[in-house]
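Got a structure for you, written out below as C-alpha coordinates; questions coming shortly.
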Amino acid sequence: MPYVNIKVTREGTAPGAFSTTPEQKAALIKGVSDLLFEVLGKPRNTTFVIIDEVELDSWGLGGLPVLEYRELVSRAAPKDE
Amino acid sequence: MPYVNIKVTREGTAPGAFSTTPEQKAALIKGVSDLLFEVLGKPRNTTFVIIDEVELDSWGLGGLPVLEYRELVSRAAPKDE
Amino acid sequence: MPYVNIKVTREGTAPGAFSTTPEQKAALIKGVSDLLFEVLGKPRNTTFVIIDEVELDSWGLGGLPVLEYRELVSRAAPKDE
Amino acid sequence: MPYVNIKVTREGTAPGAFSTTPEQKAALIKGVSDLLFEVLGKPRNTTFVIIDEVELDSWGLGGLPVLEYRELVSRAAPKDE
Amino acid sequence: MPYVNIKVTREGTAPGAFSTTPEQKAALIKGVSDLLFEVLGKPRNTTFVIIDEVELDSWGLGGLPVLEYRELVSRAAPKDE
Amino acid sequence: MPYVNIKVTREGTAPGAFSTTPEQKAALIKGVSDLLFEVLGKPRNTTFVIIDEVELDSWGLGGLPVLEYRELVSRAAPKDE
(Lines give C-alpha, C1' and ligand atoms only; values in the text may rest on other atoms or scores of the structure.)
Protein backbone atom coordinates (compact mmCIF):
# COMPACT_ATOMS: atom_id res chain seq x y z
CA MET A 1 0.00 0.00 0.00
CA PRO A 2 2.44 2.69 -1.08
CA TYR A 3 1.55 6.36 -1.14
CA VAL A 4 3.30 8.37 -3.83
CA ASN A 5 3.06 12.14 -4.13
CA ILE A 6 4.39 13.78 -7.29
CA LYS A 7 4.78 17.56 -7.30
CA VAL A 8 5.52 19.34 -10.57
CA THR A 9 5.24 22.94 -11.71
CA ARG A 10 1.92 23.82 -13.36
CA GLU A 11 3.10 24.23 -16.96
CA GLY A 12 2.51 22.47 -20.22
CA THR A 13 5.09 20.04 -21.53
CA ALA A 14 2.87 18.71 -24.33
CA PRO A 15 2.19 20.81 -27.46
CA GLY A 16 -0.51 23.38 -26.76
CA ALA A 17 -0.91 22.41 -23.12
CA PHE A 18 -0.69 24.88 -20.23
CA SER A 19 -0.52 22.20 -17.55
CA THR A 20 0.00 18.48 -17.20
CA THR A 21 -2.54 16.76 -19.43
CA PRO A 22 -4.90 13.99 -18.21
CA GLU A 23 -3.04 11.58 -20.49
CA GLN A 24 0.31 12.50 -18.91
CA LYS A 25 -1.16 12.13 -15.42
CA ALA A 26 -2.52 8.68 -16.37
CA ALA A 27 0.92 7.70 -17.68
CA LEU A 28 2.57 8.84 -14.43
CA ILE A 29 0.00 6.93 -12.34
CA LYS A 30 0.49 3.75 -14.39
CA GLY A 31 4.28 4.06 -14.47
CA VAL A 32 4.65 4.59 -10.71
CA SER A 33 2.20 1.81 -9.85
CA ASP A 34 3.98 -0.61 -12.19
CA LEU A 35 7.36 0.39 -10.74
CA LEU A 36 6.26 -0.30 -7.15
CA PHE A 37 4.84 -3.66 -8.22
CA GLU A 38 8.02 -4.63 -10.07
CA VAL A 39 10.50 -3.43 -7.42
CA LEU A 40 8.64 -4.13 -4.18
CA GLY A 41 5.79 -6.41 -5.25
CA LYS A 42 3.23 -3.91 -4.04
CA PRO A 43 -0.25 -4.63 -5.46
CA ARG A 44 -1.51 -1.84 -7.69
CA ASN A 45 -4.96 -1.80 -6.13
CA THR A 46 -3.56 -0.52 -2.84
CA THR A 47 -1.11 1.99 -4.32
CA PHE A 48 -2.16 5.64 -4.08
CA VAL A 49 -0.62 8.16 -6.48
CA ILE A 50 -1.39 11.85 -5.99
CA ILE A 51 -0.17 14.51 -8.41
CA ASP A 52 0.09 18.12 -7.29
CA GLU A 53 0.67 20.94 -9.76
CA VAL A 54 2.35 23.98 -8.21
CA GLU A 55 2.11 27.50 -9.65
CA LEU A 56 5.40 28.63 -11.19
CA ASP A 57 5.73 31.61 -8.82
CA SER A 58 5.25 29.25 -5.86
CA TRP A 59 8.24 27.05 -6.73
CA GLY A 60 11.75 28.26 -5.89
CA LEU A 61 15.20 27.01 -6.90
CA GLY A 62 18.55 28.77 -6.54
CA GLY A 63 16.90 31.24 -4.17
CA LEU A 64 14.66 32.51 -6.97
CA PRO A 65 11.18 31.83 -8.34
CA VAL A 66 11.71 29.13 -10.96
CA LEU A 67 11.14 31.29 -14.04
CA GLU A 68 13.77 33.79 -12.86
CA TYR A 69 16.14 30.93 -12.09
CA ARG A 70 15.74 29.46 -15.56
CA GLU A 71 16.44 32.87 -17.10
CA LEU A 72 19.57 33.28 -14.99
CA VAL A 73 20.81 29.83 -15.99
CA SER A 74 20.10 30.34 -19.68
CA ARG A 75 21.89 33.73 -19.69
CA ALA A 76 24.88 32.10 -18.01
CA ALA A 77 24.95 29.17 -20.42
CA PRO A 78 27.89 29.38 -22.91
CA LYS A 79 26.71 30.66 -26.31
CA ASP A 80 27.64 28.47 -29.34
CA GLU A 81 30.26 30.24 -31.52
CA MET B 1 0.58 20.50 18.71
CA PRO B 2 -0.39 17.91 16.11
CA TYR B 3 -0.42 18.62 12.42
CA VAL B 4 -3.02 16.69 10.46
CA ASN B 5 -3.27 16.73 6.68
CA ILE B 6 -6.37 15.21 5.06
CA LYS B 7 -6.29 14.65 1.31
CA VAL B 8 -9.52 13.71 -0.48
CA THR B 9 -10.61 13.76 -4.09
CA ARG B 10 -12.37 16.98 -5.15
CA GLU B 11 -15.91 15.66 -5.56
CA GLY B 12 -19.24 16.20 -3.88
CA THR B 13 -20.47 13.70 -1.33
CA ALA B 14 -23.36 15.89 -0.15
CA PRO B 15 -26.45 16.35 -2.32
CA GLY B 16 -25.86 18.94 -5.02
CA ALA B 17 -22.23 19.52 -4.01
CA PHE B 18 -19.32 19.28 -6.42
CA SER B 19 -16.66 19.34 -3.71
CA THR B 20 -16.34 19.01 0.04
CA THR B 21 -18.69 21.56 1.61
CA PRO B 22 -17.60 24.09 4.27
CA GLU B 23 -19.84 22.25 6.74
CA GLN B 24 -18.14 18.94 5.99
CA LYS B 25 -14.71 20.54 6.35
CA ALA B 26 -15.75 22.04 9.69
CA ALA B 27 -16.94 18.58 10.83
CA LEU B 28 -13.62 17.01 9.82
CA ILE B 29 -11.66 19.74 11.62
CA LYS B 30 -13.72 19.33 14.78
CA GLY B 31 -13.66 15.53 14.67
CA VAL B 32 -9.89 15.26 14.20
CA SER B 33 -9.16 17.88 16.87
CA ASP B 34 -11.46 16.14 19.35
CA LEU B 35 -9.88 12.78 18.53
CA LEU B 36 -6.35 14.03 19.21
CA PHE B 37 -7.52 15.56 22.48
CA GLU B 38 -9.27 12.38 23.58
CA VAL B 39 -6.53 9.93 22.53
CA LEU B 40 -3.36 11.94 23.19
CA GLY B 41 -4.55 14.85 25.33
CA LYS B 42 -3.40 17.34 22.71
CA PRO B 43 -4.96 20.79 23.26
CA ARG B 44 -7.19 21.85 20.36
CA ASN B 45 -5.74 25.34 20.18
CA THR B 46 -2.38 24.00 19.01
CA THR B 47 -3.76 21.38 16.60
CA PHE B 48 -3.49 22.26 12.91
CA VAL B 49 -5.81 20.52 10.45
CA ILE B 50 -5.28 21.13 6.73
CA ILE B 51 -7.64 19.69 4.10
CA ASP B 52 -6.45 19.30 0.52
CA GLU B 53 -8.89 18.51 -2.31
CA VAL B 54 -7.21 16.74 -5.24
CA GLU B 55 -8.61 16.76 -8.79
CA LEU B 56 -10.03 13.38 -9.78
CA ASP B 57 -7.59 12.99 -12.69
CA SER B 58 -4.68 13.69 -10.32
CA TRP B 59 -5.47 10.77 -8.00
CA GLY B 60 -4.50 7.26 -9.02
CA LEU B 61 -5.40 3.84 -7.62
CA GLY B 62 -4.90 0.42 -9.21
CA GLY B 63 -2.57 2.02 -11.74
CA LEU B 64 -5.42 4.11 -13.14
CA PRO B 65 -6.92 7.56 -12.63
CA VAL B 66 -9.56 7.06 -9.97
CA LEU B 67 -12.63 7.41 -12.18
CA GLU B 68 -11.34 4.73 -14.53
CA TYR B 69 -10.51 2.52 -11.56
CA ARG B 70 -14.01 2.86 -10.16
CA GLU B 71 -15.48 1.94 -13.53
CA LEU B 72 -13.25 -1.13 -13.76
CA VAL B 73 -14.25 -2.25 -10.29
CA SER B 74 -17.96 -1.70 -10.87
CA ARG B 75 -17.84 -3.64 -14.17
CA ALA B 76 -16.07 -6.51 -12.38
CA ALA B 77 -18.52 -6.53 -9.50
CA PRO B 78 -20.88 -9.57 -9.55
CA LYS B 79 -24.31 -8.57 -10.89
CA ASP B 80 -27.32 -9.46 -8.62
CA GLU B 81 -29.44 -12.26 -10.21
CA MET C 1 -9.92 6.91 -0.70
CA PRO C 2 -8.70 9.59 1.70
CA TYR C 3 -5.09 9.93 2.74
CA VAL C 4 -4.57 11.27 6.25
CA ASN C 5 -1.17 12.14 7.66
CA ILE C 6 -0.93 12.83 11.41
CA LYS C 7 2.31 14.35 12.71
CA VAL C 8 2.89 14.52 16.46
CA THR C 9 5.95 15.03 18.60
CA ARG C 10 7.69 11.81 19.68
CA GLU C 11 6.81 11.84 23.40
CA GLY C 12 4.76 9.72 25.71
CA THR C 13 1.28 10.84 26.69
CA ALA C 14 0.36 7.55 28.34
CA PRO C 15 1.81 6.60 31.76
CA GLY C 16 5.32 5.21 31.36
CA ALA C 17 5.41 5.72 27.60
CA PHE C 18 8.16 7.61 25.78
CA SER C 19 6.29 7.78 22.48
CA THR C 20 2.83 7.21 21.08
CA THR C 21 1.80 3.66 22.04
CA PRO C 22 0.51 1.09 19.52
CA GLU C 23 -2.88 1.27 21.25
CA GLN C 24 -3.00 5.05 20.83
CA LYS C 25 -2.00 4.74 17.16
CA ALA C 26 -4.75 2.14 16.63
CA ALA C 27 -7.26 4.50 18.27
CA LEU C 28 -6.17 7.37 16.01
CA ILE C 29 -6.43 5.14 12.90
CA LYS C 30 -9.90 3.93 13.88
CA GLY C 31 -11.12 7.39 14.88
CA VAL C 32 -9.98 9.09 11.67
CA SER C 33 -11.32 6.30 9.45
CA ASP C 34 -14.69 6.37 11.21
CA LEU C 35 -14.80 10.17 10.92
CA LEU C 36 -14.20 10.12 7.16
CA PHE C 37 -16.88 7.46 6.76
CA GLU C 38 -19.40 9.40 8.85
CA VAL C 39 -18.71 12.86 7.34
CA LEU C 40 -17.91 12.00 3.72
CA GLY C 41 -19.06 8.40 3.36
CA LYS C 42 -15.56 7.26 2.48
CA PRO C 43 -15.16 3.48 2.79
CA ARG C 44 -12.64 2.51 5.48
CA ASN C 45 -10.92 -0.06 3.30
CA THR C 46 -9.60 2.65 0.98
CA THR C 47 -8.65 5.16 3.68
CA PHE C 48 -4.91 5.45 4.40
CA VAL C 49 -3.81 6.84 7.77
CA ILE C 50 -0.09 7.48 8.32
CA ILE C 51 1.27 8.62 11.67
CA ASP C 52 4.65 10.35 11.86
CA GLU C 53 6.40 10.94 15.18
CA VAL C 54 8.79 13.90 15.08
CA GLU C 55 11.72 14.33 17.48
CA LEU C 56 11.13 17.12 20.00
CA ASP C 57 14.16 19.11 18.82
CA SER C 58 12.89 18.89 15.23
CA TRP C 59 9.56 20.60 15.97
CA GLY C 60 9.45 24.38 16.36
CA LEU C 61 6.77 26.75 17.65
CA GLY C 62 7.10 30.41 18.61
CA GLY C 63 10.49 30.48 16.86
CA LEU C 64 11.89 27.97 19.36
CA PRO C 65 12.32 24.20 19.65
CA VAL C 66 9.15 23.00 21.31
CA LEU C 67 10.63 22.17 24.72
CA GLU C 68 12.08 25.67 25.00
CA TYR C 69 8.77 27.16 23.89
CA ARG C 70 6.86 25.22 26.54
CA GLU C 71 9.30 26.41 29.20
CA LEU C 72 8.90 30.02 28.06
CA VAL C 73 5.11 29.73 28.15
CA SER C 74 5.04 28.07 31.56
CA ARG C 75 7.37 30.73 33.04
CA ALA C 76 5.11 33.44 31.60
CA ALA C 77 1.95 31.82 32.93
CA PRO C 78 0.43 33.73 35.91
CA LYS C 79 1.31 31.99 39.23
CA ASP C 80 -1.72 31.16 41.50
CA GLU C 81 -1.68 33.36 44.61
CA MET D 1 19.58 19.65 -1.54
CA PRO D 2 16.91 20.64 0.98
CA TYR D 3 13.22 20.51 0.22
CA VAL D 4 11.15 23.13 2.01
CA ASN D 5 7.36 23.23 1.91
CA ILE D 6 5.62 26.34 3.26
CA LYS D 7 1.86 26.17 3.77
CA VAL D 8 -0.05 29.37 4.53
CA THR D 9 -3.70 30.33 4.38
CA ARG D 10 -4.78 31.88 1.06
CA GLU D 11 -5.33 35.48 2.21
CA GLY D 12 -3.76 38.83 1.52
CA THR D 13 -1.28 40.27 3.99
CA ALA D 14 -0.16 43.08 1.69
CA PRO D 15 -2.43 46.09 1.05
CA GLY D 16 -5.07 45.26 -1.55
CA ALA D 17 -3.93 41.65 -1.93
CA PHE D 18 -6.24 38.66 -1.59
CA SER D 19 -3.45 36.11 -1.48
CA THR D 20 0.29 35.95 -1.08
CA THR D 21 1.83 38.22 -3.72
CA PRO D 22 4.57 37.12 -6.15
CA GLU D 23 6.93 39.53 -4.40
CA GLN D 24 6.19 37.95 -1.00
CA LYS D 25 6.69 34.47 -2.45
CA ALA D 26 10.03 35.56 -3.95
CA ALA D 27 11.07 36.95 -0.55
CA LEU D 28 10.15 33.68 1.17
CA ILE D 29 12.06 31.65 -1.45
CA LYS D 30 15.15 33.85 -1.09
CA GLY D 31 14.97 33.96 2.71
CA VAL D 32 14.64 30.19 3.15
CA SER D 33 17.38 29.42 0.61
CA ASP D 34 19.74 31.90 2.26
CA LEU D 35 18.93 30.44 5.69
CA LEU D 36 19.76 26.88 4.61
CA PHE D 37 23.01 28.09 3.07
CA GLU D 38 24.00 30.03 6.18
CA VAL D 39 23.02 27.36 8.74
CA LEU D 40 23.80 24.13 6.90
CA GLY D 41 25.92 25.26 3.94
CA LYS D 42 23.39 23.91 1.49
CA PRO D 43 23.93 25.31 -2.03
CA ARG D 44 20.98 27.40 -3.22
CA ASN D 45 20.90 25.78 -6.65
CA THR D 46 19.83 22.45 -5.17
CA THR D 47 17.34 23.85 -2.64
CA PHE D 48 13.65 23.43 -3.55
CA VAL D 49 11.11 25.73 -1.95
CA ILE D 50 7.41 25.05 -2.57
CA ILE D 51 4.68 27.36 -1.29
CA ASP D 52 1.14 26.07 -0.90
CA GLU D 53 -1.79 28.42 -0.25
CA VAL D 54 -4.68 26.75 1.58
CA GLU D 55 -8.27 28.00 1.44
CA LEU D 56 -9.37 29.54 4.74
CA ASP D 57 -12.20 27.03 5.21
CA SER D 58 -9.72 24.18 4.69
CA TRP D 59 -7.46 25.19 7.57
CA GLY D 60 -8.51 24.35 11.11
CA LEU D 61 -7.19 25.46 14.52
CA GLY D 62 -8.80 25.06 17.93
CA GLY D 63 -11.22 22.56 16.40
CA LEU D 64 -12.70 25.26 14.18
CA PRO D 65 -12.20 26.61 10.66
CA VAL D 66 -9.62 29.37 11.06
CA LEU D 67 -11.95 32.34 10.52
CA GLU D 68 -14.29 31.07 13.25
CA TYR D 69 -11.31 30.46 15.54
CA ARG D 70 -10.02 33.99 15.04
CA GLU D 71 -13.47 35.39 15.82
CA LEU D 72 -13.66 33.30 18.99
CA VAL D 73 -10.22 34.48 20.10
CA SER D 74 -10.93 38.14 19.35
CA ARG D 75 -14.26 38.01 21.26
CA ALA D 76 -12.44 36.44 24.22
CA ALA D 77 -9.63 38.98 24.15
CA PRO D 78 -9.81 41.47 27.09
CA LYS D 79 -11.25 44.81 25.90
CA ASP D 80 -9.09 47.90 26.73
CA GLU D 81 -10.78 50.03 29.42
CA MET E 1 12.28 19.87 -11.22
CA PRO E 2 9.77 17.36 -9.89
CA TYR E 3 9.60 16.37 -6.25
CA VAL E 4 8.46 12.81 -5.64
CA ASN E 5 7.77 11.39 -2.18
CA ILE E 6 7.27 7.63 -1.86
CA LYS E 7 5.94 6.31 1.43
CA VAL E 8 5.97 2.56 2.07
CA THR E 9 5.65 0.42 5.19
CA ARG E 10 8.99 -0.47 6.81
CA GLU E 11 9.10 -4.18 5.98
CA GLY E 12 11.27 -6.44 3.88
CA THR E 13 10.06 -7.51 0.46
CA ALA E 14 13.39 -9.02 -0.56
CA PRO E 15 14.55 -12.35 0.90
CA GLY E 16 16.08 -11.84 4.35
CA ALA E 17 15.36 -8.12 4.41
CA PHE E 18 13.49 -6.35 7.19
CA SER E 19 13.09 -3.10 5.29
CA THR E 20 13.48 -1.72 1.81
CA THR E 21 17.01 -2.52 0.65
CA PRO E 22 19.43 0.10 -0.75
CA GLU E 23 19.21 -1.68 -4.10
CA GLN E 24 15.42 -1.44 -4.11
CA LYS E 25 15.59 2.25 -3.16
CA ALA E 26 18.06 2.86 -6.01
CA ALA E 27 15.70 1.08 -8.42
CA LEU E 28 12.76 3.23 -7.26
CA ILE E 29 14.83 6.42 -7.62
CA LYS E 30 15.96 5.45 -11.12
CA GLY E 31 12.52 4.28 -12.21
CA VAL E 32 10.70 7.41 -11.04
CA SER E 33 13.33 9.75 -12.51
CA ASP E 34 13.23 7.93 -15.86
CA LEU E 35 9.41 8.03 -15.82
CA LEU E 36 9.30 11.81 -15.28
CA PHE E 37 11.83 12.29 -18.08
CA GLU E 38 9.91 10.09 -20.48
CA VAL E 39 6.42 11.44 -19.70
CA LEU E 40 7.12 15.11 -18.97
CA GLY E 41 10.67 15.63 -20.26
CA LYS E 42 11.87 16.60 -16.81
CA PRO E 43 15.67 16.46 -16.53
CA ARG E 44 16.86 13.88 -14.02
CA ASN E 45 19.38 16.20 -12.43
CA THR E 46 16.62 18.40 -11.04
CA THR E 47 14.29 15.59 -9.95
CA PHE E 48 14.16 14.92 -6.21
CA VAL E 49 12.97 11.51 -5.01
CA ILE E 50 12.50 10.97 -1.26
CA ILE E 51 11.56 7.59 0.18
CA ASP E 52 9.97 7.37 3.62
CA GLU E 53 9.59 4.05 5.43
CA VAL E 54 6.71 4.04 7.92
CA GLU E 55 6.52 1.68 10.90
CA LEU E 56 3.83 -0.98 10.42
CA ASP E 57 1.89 0.14 13.51
CA SER E 58 1.89 3.70 12.19
CA TRP E 59 0.11 2.84 8.95
CA GLY E 60 -3.65 2.27 8.98
CA LEU E 61 -6.05 0.84 6.40
CA GLY E 62 -9.65 -0.30 6.88
CA GLY E 63 -9.67 1.49 10.23
CA LEU E 64 -7.00 -0.86 11.56
CA PRO E 65 -3.22 -0.95 11.88
CA VAL E 66 -2.06 -2.60 8.68
CA LEU E 67 -1.00 -5.94 10.16
CA GLU E 68 -4.45 -6.39 11.75
CA TYR E 69 -6.09 -5.40 8.47
CA ARG E 70 -4.09 -7.96 6.53
CA GLU E 71 -5.07 -10.65 9.02
CA LEU E 72 -8.74 -9.69 8.73
CA VAL E 73 -8.58 -9.82 4.96
CA SER E 74 -6.75 -13.16 4.86
CA ARG E 75 -9.25 -14.74 7.30
CA ALA E 76 -12.11 -13.48 5.11
CA ALA E 77 -10.51 -14.73 1.90
CA PRO E 78 -12.29 -17.84 0.45
CA LYS E 79 -10.33 -21.02 1.24
CA ASP E 80 -9.42 -23.25 -1.77
CA GLU E 81 -11.39 -26.52 -1.72
CA MET F 1 -0.36 30.09 11.29
CA PRO F 2 2.11 28.83 8.72
CA TYR F 3 3.28 25.24 8.56
CA VAL F 4 6.82 24.78 7.30
CA ASN F 5 8.38 21.40 6.60
CA ILE F 6 12.13 21.25 5.97
CA LYS F 7 13.55 17.99 4.63
CA VAL F 8 17.33 17.53 4.52
CA THR F 9 19.59 14.52 4.18
CA ARG F 10 20.68 12.98 7.49
CA GLU F 11 24.35 13.98 7.47
CA GLY F 12 26.58 16.21 9.52
CA THR F 13 27.44 19.66 8.24
CA ALA F 14 29.02 20.79 11.52
CA PRO F 15 32.46 19.52 12.59
CA GLY F 16 32.17 16.05 14.14
CA ALA F 17 28.43 15.81 13.57
CA PHE F 18 26.74 12.94 11.79
CA SER F 19 23.39 14.67 11.48
CA THR F 20 21.85 18.09 11.88
CA THR F 21 22.72 19.34 15.38
CA PRO F 22 20.12 20.65 17.87
CA GLU F 23 21.73 24.09 17.54
CA GLN F 24 21.36 24.03 13.75
CA LYS F 25 17.72 22.91 14.07
CA ALA F 26 17.07 25.75 16.52
CA ALA F 27 18.65 28.21 14.07
CA LEU F 28 16.46 26.91 11.24
CA ILE F 29 13.33 27.16 13.41
CA LYS F 30 14.16 30.70 14.47
CA GLY F 31 15.16 31.81 10.96
CA VAL F 32 12.02 30.47 9.28
CA SER F 33 9.71 31.87 11.97
CA ASP F 34 11.36 35.29 11.76
CA LEU F 35 11.12 35.20 7.95
CA LEU F 36 7.39 34.48 7.99
CA PHE F 37 6.85 37.28 10.50
CA GLU F 38 8.87 39.76 8.48
CA VAL F 39 7.44 38.87 5.04
CA LEU F 40 3.84 37.97 5.89
CA GLY F 41 3.38 39.27 9.43
CA LYS F 42 2.62 35.81 10.71
CA PRO F 43 2.89 35.60 14.52
CA ARG F 44 5.66 33.23 15.65
CA ASN F 45 3.50 31.56 18.26
CA THR F 46 1.25 30.03 15.59
CA THR F 47 4.04 29.05 13.16
CA PHE F 48 4.90 25.34 13.07
CA VAL F 49 8.31 24.28 11.77
CA ILE F 50 9.01 20.57 11.33
CA ILE F 51 12.42 19.27 10.28
CA ASP F 52 12.74 15.82 8.73
CA GLU F 53 16.13 14.15 8.25
CA VAL F 54 16.15 11.62 5.41
CA GLU F 55 18.66 8.76 5.16
CA LEU F 56 21.19 9.32 2.37
CA ASP F 57 20.15 6.16 0.50
CA SER F 58 16.52 7.31 0.63
CA TRP F 59 17.16 10.58 -1.23
CA GLY F 60 17.59 10.52 -4.99
CA LEU F 61 18.81 13.13 -7.48
CA GLY F 62 19.85 12.65 -11.10
CA GLY F 63 18.23 9.23 -11.02
CA LEU F 64 20.73 8.04 -8.42
CA PRO F 65 20.98 7.78 -4.65
CA VAL F 66 22.51 11.07 -3.58
CA LEU F 67 25.96 9.75 -2.63
CA GLU F 68 26.34 8.16 -6.07
CA TYR F 69 25.12 11.35 -7.71
CA ARG F 70 27.67 13.45 -5.84
CA GLU F 71 30.44 11.06 -6.88
CA LEU F 72 29.34 11.25 -10.50
CA VAL F 73 29.29 15.04 -10.40
CA SER F 74 32.66 15.32 -8.71
CA ARG F 75 34.28 12.92 -11.22
CA ALA F 76 32.81 15.01 -14.06
CA ALA F 77 33.96 18.29 -12.56
CA PRO F 78 36.91 19.86 -14.48
CA LYS F 79 40.18 19.25 -12.59
CA ASP F 80 42.25 22.43 -11.81
CA GLU F 81 45.44 22.56 -13.96
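Just so it is clear, A, B, C, D, E and F label the chains in written order, and each chain counts residues from 1 on its own.
Note that a residue touches a chain if its C-beta (ideal position, glycine included) is under 8 Å from a C-beta of that chain, and two chains touch if they have at least 3 such contacts.
Since this is a predicted model, take the numbers as computed values, not measurements.
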{"item": "Copy pair chain D, chain F: interface residue numbering same or different (half cut)", "value": "same"}
{"item": "From chain B, the most remote chain by mean C-alpha position", "value": "F"}
{"item": "Geometric centre distance via CA averages, chain F-chain A, whole Å", "value": "21"}
{"item": "Computed distance of Cα centres, chain C from chain A, in Å", "value": "31"}
{"item": "Rounded Å distance between chain A and chain B, as computed from the means of their C-alpha atoms", "value": "24"}
{"item": "Residue numbers of chain E (touch at least two other chains)", "value": "1, 3, 7, 28, 32, 48, 50, 59, 61"}
{"item": "All touching chain pairs, where touch follows the definition stated at the start", "value": "A-B, A-C, A-D, A-E, B-C, B-D, B-F, C-E, C-F, D-E, D-F, E-F"}
{"item": "Residues on chain B engaged by chain C in the complex (per definition of touch)", "value": "1-9, 13, 20, 24, 27-28, 31-32, 35-36, 38-42, 46, 59, 61, 66"}
{"item": "Chain B-touching residues of chain A, taken from the complex the two chains share", "value": "22, 25-26, 28-30, 32-34, 44-45, 47-53"}
{"item": "Contacting residues of chain B [partner chain A, same complex]", "value": "7, 54, 57-65, 68-69"}
{"item": "Touch list for chain E against partner chain D, complex", "value": "1, 3, 48, 50"}
